[in-house]
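Same chain, two partners: subunit A is paired with subunit B first, then with subunit C.
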Partner chain A sequence: MQNKTRTALIAYAFLAPALILLAVFTFYPVIYGSYLGFTEYKAAQFAAGEAPRFIGVQNFIALFQDELFLKGLWNSIKYIAIVPALQIAALAIAVAVNRKLPFMAFFRAAYYVPVITSIATAAVMWDWIFQKEGTLNWVLQGLHIINSNSAFGWLNNEHTAIWALMLVTFWRGFGYYMVLYMGGLQAVPEEVEEAAYLDGATPFQTFWLVIVPMMRPTLLLCSLLSTFAAIRVLDEVVALTPGGGPLNSTYTALMYVYQKAFDGFNFDYGMASAAGLIIAVIGIGLSIVQFRLNREGEERA
Partner chain B sequence: MSVTQDRIVQDEHKRAVARAKSKKLLNTILIYAFLVLVLVFAVFPFLWTLAISFTDKSATGGVSIYDFPGSLMPRQITIANFIEVFTQLKIAQPFWNSVVISLFTVVGTLIVSALAAYPLARMDFPGRNILFGAIIATLVLPTETAFIVNTMTLKNLANLPVIGGNNCFAPSSVAPYVCQGLGTYWSVVLPTIATGFGIFLLRQSYLSIPQALLEAARIDGATETQILWRIMIPLSMPAMTALGIFTLVNTWNAYVWPKIALLGAQNLEPMSIAVLKLKGQYNFDPFNIAAGAVIMMVPILIVFLSAQKLFLRGLDGAVK
Partner chain C sequence: MLKKALMVSAALGMGLGFAQQKVEIEFWSWYLSPKFDNYLKDTIKDFEAKNPNITVKWFDKQDTMVQDLIASINLGKAPDVVNLNIPDTFSAAQNGFLTDISTLTPMSELKGQFWDNPLNNFTVNGKPYGYPWYGWLNEGVMVYNSDLVKKAGYSEKTLPKTNDQLLAFAKRVKDRTGQYGWIPNFIDASGAPLWHGFFYADGLPIYDEKTGKAQFTSSKHVALLKKYVDMYKAGYFPEDMLRKEAFQLSMELYNQGKLATIVGGPQSLTRIKDANKDLYGKTRVAEAPLGKSGRSTGGGMDLVIPAASKHKKEAAMFAEFLSNNVNQMKFAKIVAIVPTSKGAEKDPFFKQESNDPIIQASGMVGASGRYIDPGFNPPKNSSVLYKNLVDNLEAAFLGKKTPKQALDDAATFWNANVNK
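Right, the complex of A and B next:
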């Protein structure tokens, strides 16, 4: 009996650092941050030691009347366009490097290098690539897709800036999802592929009708992860277009949170928290939709 | 008649085999072509930046990084840009900041995760499943507003004598709230060291250690601390290393959180912020920025290349 109590005490002592840190820096901010969304709370109040003032849904009403926030929200939703491109490419690349051919380990490692690149380094490199005189335009001119008169800076154009950021996200992400898909592919038994081949299926049919359905859990996980990443994108935006791009064309919803909370002279924690809450709710909603779609797909299959 | 027929069949078979062979060869060539194309996309930014960082900008007079394909292949190689970054742009301090912040975070994460993972994996106590569930829940919690509240918490923590120490410059009437957080390295480090990911990864590894080993140690009178230190940690070195490398890469590369946490304490800012500041300067010098970017990239690249298998396996284990 005493022994049991002792074990419990030791267990709690070992867990204490992790639990305290998680409570202070993860659980508490999620709960308190959600509450702040329904209050008026500016940095001045915080500095004066005042408590936040509960104002109900006023912040949310104000947000949906704020054109900048709506534009940010729309850009965040636009950013989800990256998901199918990223997932299809990552899966195709995973299938290609998964073969037992020479140099595959080298390709895999090289594709992963962008993943471990900091956004600071990536921003420096891609900024030059996107310049008017940069390599992207040089390549496009070389391929005769555009001529030298119509060259432009990709990040300085309101129609292309957000797509340029997506290209950076794509570049930094495909190696990560490739590794996850490789894990999924290795779980597909070789006999299944061989059986399909013997039944006269073409490689494409084998892939589409046999491998893809077996990869469903990995596909769902990866598309969920990248949808969340897309709706929460912040690094690329802050690093490459610090002000939110030409005519706020790259201004995303999370950037609104970031700016409201830490830019300018009167940080507005209440509004920022409310905006964060809206993004969180959209994220949760999207994941529910994706789960539903996946289950329906499974039932049909 | 039948001989010729036989031969026709044989020929046809041979041709079919040859066709299959050449088709396979064509397939292989296509795969490699595709992979090389992706390779160019993946590594081109690095190669170009590397070329720029080693270009002797004084040699040809008015060289531009935009002279293609000239700037992709520097004619005169020099390390002057790297020296300049250290002497004129004072990158040494941010580099040191990155080293300290990364070291604190990696060591902190390993200690906190190892301590928490042990009871969750191998001890029986009331509330274990609930606690484990709560820790796993942190992986999916919507944390969009966490960085706001965390800066407030850190600012309050600065008043505690134990943690204390706020070396931000004094607030003025123009910028009354300049200093977010503690104004110490701990502002960046503290909120990031306890993660559900780290605890989960080490717990999985502890679960695979044979129970007989633990029982033998207990019969010999080993305390739980000794078991953790002498058995669990040494035997789960691969998982510990993977977690360490993973944390190092994330911390070294982090940008937004350090920027928020150290707002007002510029002298503590890591490389990631310093490199981007160079880019934002009005009279920037691309050759020096490239050198800065390379300096920032190299340590992580070395870590990744030397522990690549472990690193990718660690990632794999985290998802399963």
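Right, the complex of A and C next:
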């Protein structure tokens, strides 16, 4: 018994530094932030040195009556559509570059470049691409998909702006997930692929029926990461459509939070925290769904 | 033991006594480093030489300025003199972050140093909250590409003088040259609306400063908005004007030879000179067209003293020094700003003859500090109101709402939220 207590104490002592850091920089802000969501705490109170005032769920009621927030929330949910596309593409590319062929190192590096490119640089480039007289329209005209009369700025059209931004997110993200998947692929024995090949499976079947199921844990991790990233997307949205895009078509829930919390001296920490809580709850809900789906998949496999 | 404690506290007391004699104040400028390091360092040195008991610690803040200020107030380490713009001064003062400077510098002294208009730019609910610093005119000069203008059939003498003529000009330039003639200011860099300035330029009201109620729904307002909306729909303005700040977009297009004019301050000329020497050679300046009211709106920077500052008296001395006529004129000689101090208009620097567009433009606007017109002041709760106004104006430009519907909707929202 005594021995056990000692072991536990030693374990906690080793954990303490990390726990203290987590408590100070993660748990405390999360708890305090959640509390703020139930208070009124505006700039004027802050300037006067007053404490937040508890008001129950009033902020949440106000949020669900605020068209701008609802629009933002809807756009954020739409943004999650990028997750499956991004994950499948990243995994497929990872499989493709995970071979011992010439120039593979070059491709791996090239696919990773967007991850480390600063958003300011990327925004200038994508702004050119999406212009009315930009590269994308030039290519589409070359392919006779559109003609010069129907060309439009992709970021200036309420129907295309959010998809254009998702393309940027896709471009910025897939190198990152590719690297994670390459790590996961190390765990897939070569013999399995060989066996599938000997059994007469096509490359597509091998990918879909052999590699994807074996990569389930990495897939779950990456999907969770990218779901959270999608629901919290901000950089590219603000850089390319600062006001929230045509008719607020790219205005996301996090932009609402950001404006309430950081937009000059008119800030409203109570509303910002409440809106942040709603986004967090949706994020957690989606992760539970993903865990469930993953488990069901495992049972079937 | 007791003796020791007494000695320690006496020593501490003396230490504090000495510290009080030499005061260190903290000054935050905004986006001025590294370009104006020499000017600011020299001016600070000058101030310290005249006030040996005060040292000034200078920091240049950039995009995180407001956040840093809020955080420093929270930590009890607020700076003493801060450089803000008009909208930030308003929301900071409305929320109680700033000191009424007339409690530090008598009103008569403020009126002696600054013109009324710039001082009014920083007066919130009847109280001044900022020492006016450098300013600008929104319709300072018209910078134009003489080649494009000629191609469109205009000469120096027939250039537009009014906003209506400017719209006709934009149409003709596009029809004859295929390039844009002019881009109206729709939003600023933060996404706040600028377009409603055109109401003001025509002498139409925006809102009642006493009650806060919107006043932009009359048939005259609707007709004015419609003129611009029609031009946009017919393709005479670039699509990007709804998404990008006009100054940035104008610079991009002008430097590529795709835009004939920029109406604004002389600062665009420096950018053209840096980006495209050939084009700069073809660039000329003229008086800016004005709206029916004949007024040119403008803006400016000020120096505020946070309510949380611990050295307000010394801060006021420094702010007054930095914004006096001598130091504003020194600044004006380095960069084309409009000094807001009395006496600047008589400075020979603004009367030089030259063929260089930058010197011409500086002369045209430099001496006009007293005319800087605030237009209208930001209302309470401005971020929320402005976002909704931009959304509604945008809906009108994109044809989702009629101009009348857009203005009515914006006014309804405005009235419901202005006093919240």
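Everything below uses one rule, namely that the second predicted complex is superposed on the first by the 274 of 301 C-alpha atoms of A that agree within 3 Å, B and C clash if a C-alpha of one lies under 4 Å from a C-alpha of the other, contacts with A are read in each partner's own complex, and residues count from 1 in each chain.
FYI, a contact is a pair of C-beta atoms (placed from the backbone, for glycine too) under 8 Å apart; a residue touches a chain by one contact, two chains touch by 3 or more.
These numbers were taken from a predicted model, which means no experiment stands behind them.
Student: Please tell me, clash or fit, for subunit B and subunit C sharing subunit A in the overlay.
Tutor: Superposition result for subunit B and subunit C: clash.
Student: Where does A:Phe38 make contact in the superposed view: on subunit B (first), on subunit C (second), on both, or on neither?
Tutor: Neither partner.
Student: Now for A:Arg232: first (subunit B), second (subunit C), both, or neither, which partner does it touch?
Tutor: After superposition on chain A, A:Arg232 lies in contact with subunit B alone.
Student: Go through the superposed model and pick first if A:Ala123 touches only subunit B, second if only subunit C, both, or neither.
Tutor: A:Ala123: touches subunit B, not subunit C.
Student: Just subunit B (first), just subunit C (second), both, or neither: which does A:Phe69 touch?
Tutor: neither
Student: On the superposed three-chain arrangement, identify whether subunit B or subunit C touches more subunit A residues.
Tutor: Answer, by number of touched residues of subunit A: B.
Student: Just checking: does A:Tyr177 make contact with subunit B only, subunit C only, both, or neither of them? Give me first, second, both or neither.
Tutor: After superposition on chain A, A:Tyr177 lies in contact with neither partner.
Student: Considering only the touch criterion stated at the top, classify A:Gly264 as touching first (subunit B), second (subunit C), both, or neither.
Tutor: A:Gly264: touches subunit C, not subunit B.
Student: Have a look at where A:Tyr79 lands relative to subunit B and subunit C in the superposition and call it first, second, both or neither.
Tutor: It touches nothing on subunit B or subunit C.
Student: Contact-wise, after the overlay, does A:Asn248 reach subunit B, subunit C, both or neither (first, second, both, neither)?
Tutor: A:Asn248: touches subunit C, not subunit B.
Student: Touch check for A:Ser273: first (subunit B), second (subunit C), both, or neither?
Tutor: first
Student: In the combined picture, which part of subunit B sits where subunit C already is, 8-16, 152-160, 206-214 or 296-304?
Tutor: Clashes with subunit C appear only in stretch 152-160.
Student: Subunit A residues touched by both subunit B and subunit C?
Tutor: Touching subunit B in the first complex and subunit C in the second, residues 43-44, 46-47, 131, 242, 262, 265, 267 of subunit A appear in both lists.
Student: Inside the complex, what are the residues of subunit A that reach subunit C?
Tutor: Of all residues in subunit A, those touching subunit C are 42-44, 46-48, 68, 131-132, 152-153, 155-156, 158, 241-248, 259, 262-267.
Student: Okay, in this complex, where on subunit B does subunit A touch?
Tutor: Checking each residue of subunit B against subunit A gives 27-28, 31-32, 34-35, 38-39, 41-46, 48-49, 64-66, 68, 111-113, 115-116, 118-120, 123-126, 128, 131, 134-135, 138, 141-153, 155, 174-177, 180, 190-191, 193-194, 196, 199, 224, 228, 249, 252-256, 259-260, 263, 271-273, 275-276, 278-280, 286, 289-290, 292-293, 296-297, 300-301, 304-305, 308, 312, 315-316, 319-320.
Student: Across the complex, what residues on subunit A touch subunit B?
Tutor: 4, 7-8, 10-12, 14-15, 17-19, 21-22, 24-30, 32-34, 36-37, 43-44, 46-47, 93, 96-97, 99, 101, 107-114, 116-129, 131, 133-135, 138, 171, 175-176, 179-180, 183, 203, 221, 232, 234-235, 238-239, 242, 254, 257-258, 261-262, 265, 267, 269, 272-273, 276-277, 279-281, 283-284
Student: List the residues on subunit C that touch subunit A in their complex, please.
Tutor: 66-67, 70, 73-74, 87-88, 91-92, 94-97, 187, 189-191, 239-240, 242-244, 307, 381-384, 387-388, 390-391, 394-395, 398, 400
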